[in-house]
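Chains: A, B, C and D, in written order; residue numbering restarts at 1 for each.
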């Protein structure tokens, strides 16, 4: 960590700062420039609050040199984390998994049919929403406990582990048999929720927040890992920009950036990112081409009754085509 | 709501859509253009999911004509909502309130001293963090229940109602005596939390999310109001943009925009928005000038031990100066 | 185009608006709702200024139904445009071209060496900056006319057509022998420049502005095409977002979106978008996977003297590897 | 400037970097940490290209300590610049000026009528567009030379200096008698244009680009000043964000930030920023409250024929009310 002192910093203020930093066990190296003095802090700076230091009268600016995350940092854990999702499905470390299923769980018939169809097409995990975060209080919010029961039924029928979103701690008892718990984009910085799932012994799929940097995302992974749960999967799902042609802007460069910075697996959700089913295929292929460890794709079972499905869902046939071509791309790279 | 059909929409698809919309009690007006056909939907469209309609094969685009919020909409409730914060403090409807206090509650001595100082300078509500959302799991997270106890002590000493942030439903029992519950920016779309505080009989101060539109913000207010709690205060606190000279970009034009769209009071937090104490005064004056109903400002008690305060906190003297000038600006406009 | 009238619009105002729209040759269809009246305008609305209509007292909102671009619109020109870049190099319509070369042209030795190396590795067009837009007036701004002379020398040596950036109309005489003129991101809305290159008979490579929507980009292409020059190549090069891990955020979903909306070819520049050479390969593969018609990649000739090259440049060997894998990905999809 | 070396940097690479920096006359201070080595560069780093250094194999990151602008920097020129706009109108240094007039110049009658009306209401400079940057090639682009002639006529009638936008160098001869030349948002990084107006002896009003940081804006001012023209006025006019309720997001905190960083005067254009006339008044008052040195406001002459004016224009009466209240706010602060 670098602390840049003001030109007119008073000696007394600088001494107080030195004493404070010394108490935290840090060594200080001074660099005297023409217009400013720089203090280089050596030691474990992960507990130093840069905002606090920056607030001091004597300080012009503070810059971090090292990443504030440790457990998630590839520097300290060079080997890829491989997350065991159950039923032998491993995510990360060179494998590639397809998570597919309906946006919302609606009925036993629907979820079992989709589950069988996506399994046949190459999916290895089943997704489906039981608790749905909706912008409007008047919109359908999911089948809740009944939705999870139907997902477990579909798992029984197909053998696929299930992934579903947890929106609030109070619902946690319903998730006991769920294989992978998803934390949605809007909850990426719901720190109480992160702490609690950090105590569980099951994989957590952590979606990126709509306006969160890669570093903030890794700090949220760090929250989970600090609790003892190292089974974290990161899921890029688009960020908010000024562009309105797509629902969000899929930040695919986050995939190779994350592979540098962290050992955690990274998957991509092209369905929610783009908001249009016809953009799912090109963006799924692109995600595979830039090194994603998996894809999360919405699939609906019956194009005839499309009224009940989101605009971003593929048919099982379209999903099968995507899955096949993704494998070809992976072979190519 | 306007539904734009594709040029090549099949009659059968259009008929299915007409039947579906008819079942929802909507009338349909057709407008035949050269390159497209437009359906105007007349009736209560608040329960129609535009994404769902847009997903149909026959549909090119869907545009909302009316706002999806009702309880929060000024069209249906022209008169300003005045929120009673306790102890005779009313927010909205032409009055102006100063909410001031420390970033975090640290000790009885600190919070009582700050409370007395800000009251003397014109503050009418005391703020202070007991539960602190922090990006890093290793940073100080607040005194929790003890923090709330200290705030209540300060209320006893000064008579000022208190405002403090609720981060998770499980902490709700500790907030029984709190006057105004704050929902932080990161929880603006924590829908389970919104639903639950919608059942309470106390004012809710709802901060804008870092990447949320004004419409999404009003939909979150709608979540609270749909539960029966109409005592909602909106607080603009900066949005995330590419500019890095300030922590966030304070969107002051949101103040007059909200005054048009909603009857709820709107306050501004220049401390968190800018991240620098020296920017608090100009932005507080600007907020008053464009019609805000109040300000929320961080104040620390002792510049000598500034190490424990955020870079965005004013001294009580600085706060008194801001409060005095804000009143002058309000008289001017 | 849809015009939504205010609830309290006066009959006189509405009549004046009807007369105004009638004079423009538009038919008007009225749709009377409970809370608003909607006017559907039928006819050629491309010359109607929506901002102007929206400014009227009687009008609540205006929504476009049709795209404001015509020449660039795929609806009116379904077949892919194939741009002839000279020397038999065709861009668009299913082919794939690699544009490669140094960031800045520095010397005959450098540009000829890079040109030969990238040609051997599969490049079909040579890029190189003679006029360099630099944020700082104190930074190197390019060799100008001499730079173009060196590019033409490299073309003579290798047979590759050249692409280089035009920053101002006054430099146009120097570009007479240039094969493809690049309009940079910062000039995407330099409308006088667009009009002038619209009069030329050579291909224009139009980069997307840092904060421009896809629609604005197509409107800038429309400026060029309105002048008579239909040889426009679009180049996605990243947009400005709050994320700082990459220089800009490469918006790859723009590629399939553009292929829907326009018949013009779309290429991707992963070098400038990411700002890091190690991210060029994954993003180049991703661009090919989602359907780009070509890539523009920075290559420097001598890693030993990397001091003179940008952080985003590949070595010729790295470029050859990228080019080879891109072809594999293209075969896969 | 701080250079952070990689953990595994090779001694040979570091030596080459040291030699390179030494040649530039910089001293180097080393700080050896546990996980990284930091080089502090002391001396004139304004000509060092941080991107170039960051591209080296041995380097992990580069951070600037000092601002890259010199002429515009308040550190080196503490006193406010006061720009003489002609006819005794001075901008900056504690005064406050109103620039008002129509969006586009349309006729002698219109521009003279508006000029007289805004002068009576307190305006000291007349604005009006002769060259209009329009997103669409099919939209009205201004009266060009004839528009400037009409503005000069209005100046003759009222004595007010005129401000109008220059879009291209080739139009410069027409601007000989113009008092203040405006560089629009889309041309903020048109570096050739900046260089050329840097050679003139008249004030330049430099609007902020839609997606440009405050630092980039100051670098563009530096371009003008580096040519010898120190008469630069900065104009905040909104930045592009994801919010769509206003045309752009007016970044008022830029005003006090700029007053810290630079000695140049800063004005605000609430008309273009918000895009709605009803938001002009509150945002004009807010701009005055946070310390702006002036305002630029669109005024049209005849509400009856509003069809020819933009949605963001005030009537002269509304402008007079804004001007009067702005003065009250300025007295208050």
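Structural remarks
Going forward, contacts are C-beta pairs under 8 Å (C-beta built on N, C-alpha and C of every residue); 3 or more make two chains touch, one makes a residue touch a chain.
Just so we're clear, the structure is a prediction, and the values are computed from it rather than from any experiment.
Under the contact definition stated at the top, the chains bordering both chain A and chain C are B, D. Ranked by distance of CA centroids from chain D, the top chain is A. Looking at B-D and B-C side by side, the one with more C-beta contacts is B-D.
With centres set at the average Cα position, the gap from chain C to chain D is 26 Å. Rounded to a whole number, the gap between the C-alpha centres of chain B and chain C is 39 angstrom. Remark: chain B and chain D have CA centroids separated by 31 Å (rounded to whole angstrom).
Contact of a single residue of chain A with at least two other chains is seen at positions 211, 240-242, 244.
Of all residues in chain B, those touching chain A in their complex are 16, 20, 46-47, 49, 51-52, 54-57, 68, 133-141, 167-171, 186-187, 189-195, 209-211, 216, 219, 222-223, 226, 240, 275, 277, 306-313.
On the side of chain A, the complex with chain C involves touching residues 211, 213-215, 239, 241-246, 249-257, 260, 273-274, 278-279, 282-283, 285-291, 325, 328-329, 331-333.
The touching residues of chain A, when paired with chain D in their complex, are 2, 4, 29, 31-36, 38, 40, 42-43, 61, 63, 65-66, 75, 240-242, 244.
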